[in-house]
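Shared chain: chain A. Partners: chain B in the first complex, chain C in the second.
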Partner chain A sequence: MLNRYLWFTGLIILIILAPLFLSNFLVVFLTEMLIMILFAISFNLLFGYTGLLSFGHAAFFSIGSYVTGLILLHIYPSIPLAFLIGVIAATLAACIIGYFCVRLDEIYFAMLTLAFGMMVHTIVWKWDRLTGGADGLVNIPRPPLNFLLFQVDLSSIASYYYFTLILVAISLYILWVIVNSHFGLALKAIRENSDRIQFVGINVRRYRLISFVISGFFCGLAGAIFGPFLKSITPSIAFWTKSAEPVFMSLLGGTKIFLAPAVGSVIFMYLKEIISGYTELWMIYLGAILIGFVLFLPGGIVGFLYEKLKGRRLGGIVG
Partner chain B sequence: MNILEIRGLWKNFGKLSAVAGVDLDFREGEFTSIIGPNGAGKTTLFNLITGKLSPTSGTIMFNGKDITGLTPFQISRLRLSRIFQITNLFPDLTVYENIKVAILAKRKESLRMFTLTQNRSEADLETEKILEVIGLLDKKDSICGSLSHGDQRLVEIGVALATDPVLLLLDEPTGGMGPEETDRMVQFIRTLPERQKVTILLVEHDMSVVFSVSERIVVMHQGAIIADGRPEDIRRNEKVREAYLGE
Partner chain C sequence: MTPSTFLSFFLNGLTSAMTFFIIASGLTLIYGVLRILNLAHGSLFMLGAFFTYQLTQWLGNFWYALLFAPLICGVAGILMERIFLRPVYGVPIPFQLLLTFGLMLLIADIVRIFWGVAFRTATEPKVLSGTMNIFGVSYPRYNFFVIVMGVIVGIFIWLFLTKTRFGKMIRASSSDREVASGMGINVPWLYTSVFGIGAYLAGLSGVLAAPLRSIMLEMDVHTIVEAFAIVVIGGLGSIPGALIGSLLLGQLNSFGTLYIPRFEMAFMYVFMAIILLIRPKGLLGEEVS
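And then the complex of A and B:
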């Protein structure tokens, strides 16, 4: 137990100190990793905890990203304002898309989210005058954060890294609480048996919709952070391959342990970075590795290690 | 007082009438069993009462309220609960969580997003009470799917009891059990009405179980009621012998 806390504390200290001893290139990479971790874990609230596989979560990520970017570019260069509106837009989209999708189960749910996701992609791609079409949004500003007494400059990658770290940490904490709350237990029961849970008085659709909207909210936030981070975004972040990323990350890490998709994200991005340095065909190799993981470690890497260490089947009780 | 009143109930699947014009009243506190050969419509009747299926025609009144066409979760909230013929639980959750989620739903606390389940509350006391009733307190941390069939049947009843029902529909609680497990289950079911202040409706194949626990027996055949009365009347009933006991 003590050992575990030591590891955890060590890891957190490393994460906090990272910009002091890493190159800018690596800090950029870490920042993107943090954003993808938030994306994957928000997605997994729906996938691992509610039992709904969405293939359209890039919609919320990209809506959060585009709306935030547009506000910063054209309305008013304020991070809090732009983030707020970006996240609200993503949440509203989740309400509307979720309203239709939670009526269905399993493959039908997955296909409907995919369809909505592709609709959002088409809008982003074709609405040239607003979204810049295939070129996307360029030169998204990264204005300083204004607190009443002082300003925080976000122009350096180190400061934006910390800004991202704080937002992601708070979001993960909130998601952790939700997963371990009464509501979280009800979600797990829905995942286990969505038919039976109705006979104890739970309105499954309502719970699924709430879970869907929370998931969309945090994906929107991940997207909002992403725009000013890269300073330019293209419709590729709305494409279905972007929706597939959190699916892979969750499967890779494990879907039933809260932080497992984070491990999946780290491995996914690391592999992608390494392999794409060698070959254009990185997707083939990455795909092959992922197929191997899914076939031979169906509980994900963290799930597998957890079972080995504890020597027991993985239940729903693991935070 | 009648706890459940069924009037002119029909359920058609294509040309087949699984339930064909059933009229039944159930009195509060009376242990009633429904028997009949396979395909007689017993489980369909349960599915109609609990909202899993909606009837082709007819009405169902529960505690003076029309519940025809309500959804399962609405009916469950009115404190009408059931167990399923085929074990139907949350297999990857622990026994404790299986019960607790039902307790939370009943207490209308299951939407609380910022209350951690690990913090003990009133709901945990109620959960433990149910575990004690079904006698699985010592197995509360086991993963439900890993329990023996008999224990899973008990959890099944525990989940149903957790919603604090006034009417409980038991669909073959001893199905698939060996003689010893069956005995244990029968003893348990026998004590339920008094202990939990609940009226029980039982569907069961094992005639010795039915005749030992029931105060009233309803016999179904091809979707209709062919006999209804005290166990000793049913035993003597000619129509029942012909249609069902095969004599």
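And then the complex of A and C:
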């Protein structure tokens, strides 16, 4: 037990000190990894905890990203204002899309989220007067954060890394509290047997919708962080392949343990980054690894280790 | 709008509807029998188009491509099923999607190794170049050929499924897998054949579409999501449904460019969402019990 805490503390210290000893390239990479971790874990609230497979979560990521970017570019260069409006927009979209989607189950739910996701993609891609079309938004500014007594400059790579780290850490803490609350327990129960939970008197549809909206909120935040991070965004962040990323990150890590999708994102991003450093043909390796993973390690990497170490089974995945 | 412009737009819609129908019928056939949503189906379409480019380059003849390219795709499909899909029939849907996503990435890079990132074009055969007269509209011969091919393929599928012993076996295991296997149908063998046929159809669609558009990477991810929309609108597993979905989408694409330029695709997804909400099993799928 003590050993585990030591490992965990060590890891946190490493994450905090990372910009001091890592190259700029790696700090940028770590920042993107943190954003994707938030994306994957908030997606997994719906997938792993509620048992609903969404194939359209890029909608919330991209709405958060585009609205934040547009506010920063055209309305007023203030990070808190832009993030607030971006996340509100993503949450509103999640309310509307979720309202319809939670009526369906399983593969039909996945297909409906795919349809909504692709609607958002088409709008982002084709409404070029607003969104810049295929070129997307470019030169998104990264203004300093204004507190009453002092300013925090976000223009350096390290400062944006810390900014991201703090936002992601707070979000993950909130999500962790949510999944461990009574509400989170009800979600897990819905995942295991939604009919029985309906009989107990819990409004399954409403719980699913709340889970959907919370998930959309944090995906929107991940998107909001992403815009000023990359400084330019394109419609590809709304395409269905972007929605597929958190699905596969969660599956890679494991869907039943809170932080497991983070491990999946780290592995996914690492493979993508490392392989593409050696060869342009990274997809062939990533594809082969995904295939090998499904054939030999279903249950996720963390799930696999957990079951081996604890001798306990986590149960199958639904969907 | 004059009747002749209307007719030419209608025919354009019909042409793309037929290529949609051929790929979507393969996808829906595979889903109906194997219960697998194959994300790599668009990749087989892309392979068909690239094979067409290559074979017309080598042999200077589109007809060889029409003959061989779908066959190669069919064989690729059979290998895919035997090697990769057979072990995962029992696993949950998300893992099957992950697996076929992996196959999609793999095929995309294989295409990139052989053909690079440049756009390619394939030319139609000489007999079919130029235009012909349909009710006073001068219309490309090749497009008319595609429409005819779509009708022929549709009739073939219908005859095959309703009149042949093998087709009846497919329909039987599509409606109830366990009973079908209890009646002595060799299910694993049937799965392989159905996947092969589906892959053949995806390849055939790629061949027919090749002279109509530029052949490039990323055809796979765009085609697969359109095919999904068609199959969902018509009803997962229903071939007549795939036909209706394709005809709708074809006309929407064609007239959409006229009335709602740029947003015609958004309308397709709106339509897909409405269908899912009122009839989750699609226009021609069975009612949800």
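Rule of thumb we're sticking to: the second predicted complex is superposed on the first by the 310 of 319 C-alpha atoms of A that agree within 3 Å, B and C clash if a C-alpha of one lies under 4 Å from a C-alpha of the other, contacts with A are read in each partner's own complex, and residues count from 1 in each chain.
Going forward, a residue touches a chain if its C-beta (ideal position, glycine included) is under 8 Å from a C-beta of that chain, and two chains touch if they have at least 3 such contacts.
As the structure is a computational prediction, the values presented were derived from the model and not from experiment.
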- line: So, after the overlay on chain A, do chain B and chain C clash or fit? They fit
- line: For the superposed three-chain arrangement, angle chain B-chain A-chain C (C-alpha centres, nearest 10 degrees) equals 80
Which of chain B and chain C A:Ile178 touches, first, second, both or neither: first
Message: With both complexes overlaid on chain A, does A:Met119 touch chain B (first), chain C (second), both or neither?
response: second
Field: Touching partner for A:Ile12 - first (chain B), second (chain C), both, neither
entry: neither
Field: Touched partner set for A:Ile197, first chain B, second chain C, both or neither
entry: first
Statement: Winner on chain A touched-residue count between chain B and chain C: chain C
Task: Could you say whether A:Ala186 touches chain B, chain C, both of them, or neither, answering first, second, both or neither?
output: first
Message: Once both structures are overlaid on their shared chain, how near does any Cα of chain B get to a Cα of chain C? Whole angstrom is fine.
response: 11
- prompt: Can you pull the chain A residues that chain B and chain C both touch?
  reply: 316-317
Field: Residues of chain A that touch chain B when the two form their complex
entry: 177-178, 180-186, 188-189, 192-193, 195-204, 207, 210, 256, 312-317
Query: For chain B, which residues are in contact with chain A within the complex?
result: 50, 71-73, 76-77, 81-82, 84, 88-94, 97-98, 100-102, 104-106, 109-118, 123, 143, 146, 159-160, 162-163
- prompt: Once bound in the complex, which stretches of chain A touch chain C?
  reply: 47, 53, 100, 103-104, 106-108, 110-112, 114-116, 118-119, 122-123, 126, 239-241, 244, 247-248, 251, 280-284, 286-291, 293-295, 298, 316-319
For the chain C and chain A complex, residues of the former touching the latter: 37, 84, 87-88, 91-99, 101-106, 108-110, 112-113, 221, 225, 228-229, 232, 236, 262-263, 265-266, 269-270, 272-273, 276-277, 280
